[in-house]
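The data blocks that follow each hold one structure.
You will see subunit A twice below: alongside subunit B first, and alongside subunit C after that.
For the complex of A and B:
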């Protein structure tokens, strides 16, 4: 009994030191988790085919640009990159334009079937794309949406909307309605109150759902491969040829696929961190 | 302000995109072959660049390839001009959706292939495009031990066994090499070579009396097979190291040996059994869907692909061999020359009995292969009685065929519904 009391008293002091070690090693581990694969990707991209295939691996890149040069001569790469960016951008805009109002409505208004709606919105992710792609492609060909960036973005938006609705829903729920009410009493109507008070507060959340939308669109292969031909996205264009390519081209192609997504996430990261600020408040 | 500016930008961006849906005049070549980046690039720059009106070469995985094709056929409006894929894939399509290609006047030099390309109808549904296969190769040292009167280009299984026995006796070591390693393609030997040569079937005849004979013969051959074969995956290594003198493998898995020491090895056709020279070609074809936007150009492209010069360019780009008679130029890599020669002799031989890659098995293709691997391991490695093993494995095989409903493929006689194990 007395032993137990002693250890209970001793406990709070121990985490002070050990806890810091755990914390630091956790941080290091998480960073390594993300950075080491990226670094290896970079090293192998900048290595000659012989080095890529040899073992043990070197951790220092030898700056052999052969693999990357192959892709500069690979017809259609730049067009595909442009298409990917366009499709991802439209997906971002559409999923926020549709998802954010839905999230707002879910958090501010009570209506019948609200819970059911929240559940149903997830159902759009329940059907695998290979199943949906055939009827979609038929419909797109008939309506003329086929092989357009906009058509593909519509499909990607459908995939991204559950995330943008649920993310914005929880964000709007975190902003007290009193803030809005105060704005109304000070001369704002619903729209201006939203614009001047709520929007700045949820901007980080919007950014987060934008990142989701971007990544979903960027990574999607099947619909892109079926629904586009001339306006192929980079992922559809590259991924299918990479799986059977020699190792050094796999690395270089993977690198090319990862870099634009990384640049984008770096560009918007400060908004993302701001969201966590809200969450910690 | 900020939001409205964003909106305006998005809207104007959309309108630009929608108006920019350009119509391309190039023929779209929708292919499941030559997918690796380097091969796709070579197809574009070396093979298809010579086609005047222009080709948009798009290699795809089978899933998107098929979905897109089905969608275009269902919508009755398409952008695909020419389809390129394997025989097994074409045979799963509805022949009515493909344009009859008899009037093109092009076909392969193999009557067998041309017949397969009819897909069971009276007309050519696709045109054979290119082929790969499995062949035999030998160290020239072994040639002196060939049985008397045996022609290396027309061997029988009995002669092969005798030859291997002669070598075994003379050198004191078993020198036949077989890809029985974990990554070896041994199952293809049984499915495409041993079974068709002895039973004129693969599935129907799996447990027949002829199959028992076939396995007995293979056990004889195994007596003279290097026992380390259970570790061999790419026989080029054993050819080069000298561990095996007479080997069977996929053309591309022998290439390195011929390229490094072209003067030391010969390639030759697979042996023949009582029911012909069983072999398994990997046959790719080109077809035109009925929805092709520019039918004339698509047909021109098919003709272009079958021209001897294009076929040679395709060989360089993809290592798949021509299906028409061509004079292979001297500057081809030695492996391509040797293997090409052997494949041509094999498919052109009078007793050719081609089997096809298993089709219609979907995700159970691996289980199908497993049946043959297990049978091999139990009969040959574990020495279990042949009848009993075949009776056991027959049940597994029948279950796979029933579950997938896969119809029989050559050389088995066609079936209504799932292929029966008799």
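For the complex of A and C:
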């Protein structure tokens, strides 16, 4: 057995020359895939309207802050930003509060229909939102949830829950049950064992899953556009106002949308890695 | 004082009968080893005593108190797990002190007991480390120290050495025996390794298919196996079995030789002898030598007696050749007999 393991581990370390080229070009390609659009967005955001609309394109930013300045003075902009943050924060909290216990139950208990339940969780993503939009809008108007941050957060929570359940499920499954059992024999009940042992171990993963929920809510535009009028989130607000604006403002608006999400993900990248099991201490 | 009594315990997982009719009394401060092949129910029994599993039937008593309805934390036990279960987010110090902290012991008491048990297990220099920075052997020490620090009435161990390499296992085995003898706790130790069981136990409970087949001292289990299964399971190489035919009252013919055997048995019995209780002689069981394995101190000789494979551990200065026919005489007082239908030992 040990022989097999050794060669399996050794293989990826010595992939051979051809393998290395494929590997490097793959990395470069993936980086370019992500970075080039972001760079073009940055260049065009920091260029004057004339440069944005002219041809050929320049690949060096001019550091013209005109478009961005326009937005800071734009009425409703700050309100929309605040709404976005509120909705995303509520989504984050709700999806963890609902998703994590479901993930724990899925990983620790055996119950009838467990596999079906896991499948059903994914199926909630199979309903196209446009199909649900009208009934949802009617329902929200009847219950008075329309045009509120909380109502929108509820919709975003349903979108985020499948991920939070499945992510926390794999997190809990990654923690050996013996750790909990050891805690039980050392004077803990189920609740204190969870607090003292499980929670500290999964906190990074929970954080990552929460951030995922935050980003899902932050980027969601359809429900936000349908269900809110006055209290629009940033995405819905920009979608509405930018559709008729000139190109340079569209770039600047896109930039404003992307940057907070990027900063957020960058700040918590350690936890995201933990979520994928890379930086497992 | 913590005598353990297990009364009529049975465990079913759905249709599967994991344990049936377990009755066992473990004396205060006794070192009891549950020995058996994997799947025999030994770990399940341990987990029932611990409270991590509930018995379908029966009672568990620890120190004169019925505990089978109590949570693990209220049973006065501590457990050492096979994969150590050292908490990765706590230092060694906090791991060992975990149970004491849960008991709300004052800080200086926690410190005193953690340091004492750490010293006992020779890990005092590791107290500031995390489990990720420890080797398997060190983690094992932490796990044992964590259990000992609780000063439990009973310490339960589920194959605690099986994840260690062979050399370390020998070392830890000797150390565990010493530490546990000093701690005055009752110990139950689960293993599939008969050498470990022999060397550690005051008594061994041999388990097979959810039953306790024999509970006795290591020497008794080795010398007088209660069942054919025990005879074949304990000992390396295991006991030899040969068919026997009734010659007369109390006389049985085995491979052409006649030996004194059980009187009462009227059915068929089997003749059994340990490989080391055999010596070459003028007359004895005719054995055709098939394979000779020199083991240094001894020769392990595999022969063919009456068409049955037969092993003998002989003096290493013997000159033998494969294919040769030798006569092997069993020591008369070491011959055992097993009833072929009930599998029980008969005298």
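Everything that follows uses one rule, which is that the second predicted complex is superposed on the first by the 240 of 281 C-alpha atoms of A that agree within 3 Å, B and C clash if a C-alpha of one lies under 4 Å from a C-alpha of the other, contacts with A are read in each partner's own complex, and residues count from 1 in each chain.
Keep in mind that, in the parts below, contacts are C-beta pairs under 8 Å (C-beta built on N, C-alpha and C of every residue); 3 or more make two chains touch, one makes a residue touch a chain.
On a predicted model such as this, the values are computed, not experimentally measured, just so you know.
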| item | value |
| --- | --- |
| Clash-or-fit label for the pair subunit B, subunit C on subunit A | fit |
| Most subunit A residues touched (candidates subunit B, subunit C) | B |
| Degrees between the directions from subunit A toward subunit B and toward subunit C, using C-alpha centres, nearest 10 | 150 |
| Touched partner set for A:46, first subunit B, second subunit C, both or neither | neither |
| First, second, both or neither for A:186, with subunit B first and subunit C second | second |
| First (subunit B), second (subunit C), both or neither touched by A:176 | second |
| Which of subunit B and subunit C A:155 touches, first, second, both or neither | neither |
| First, second, both or neither for A:93, with subunit B first and subunit C second | first |
| Subunit B versus subunit C as contact partner of A:240, first or second or both or neither | first |
| First (subunit B), second (subunit C), both or neither touched by A:201 | second |
| Minimum C-alpha spacing, chains overlaid - subunit B and subunit C, in Å | 16 |
| Intersection of subunit A interface sets (partners subunit B, subunit C) | none |
| Touching residues on subunit B, where the partner in the complex is subunit A | 3, 6-7, 10, 13-14, 17-18, 21-22, 24, 28, 35-38, 40-41, 44-45, 56, 58-61, 63-64, 67-68, 70-72, 74-75, 77-79 |
| Touching residues on subunit C, where the partner in the complex is subunit A | 50-52, 71-73, 77-79, 81-83, 85, 87-89, 98-99, 102-103, 130, 132, 146, 150 |
| Subunit C-touching residues of subunit A, taken from the complex the two chains share | 176, 178-179, 181-189, 192, 196-197, 200-201, 281 |
| List of subunit A residues in touch with subunit B within their complex | 70-71, 73-75, 86, 89-90, 93, 97, 130, 133-134, 137-138, 141-142, 144, 146-150, 195, 199, 221-222, 225-226, 229-232, 236, 238, 240-246, 249, 253 |
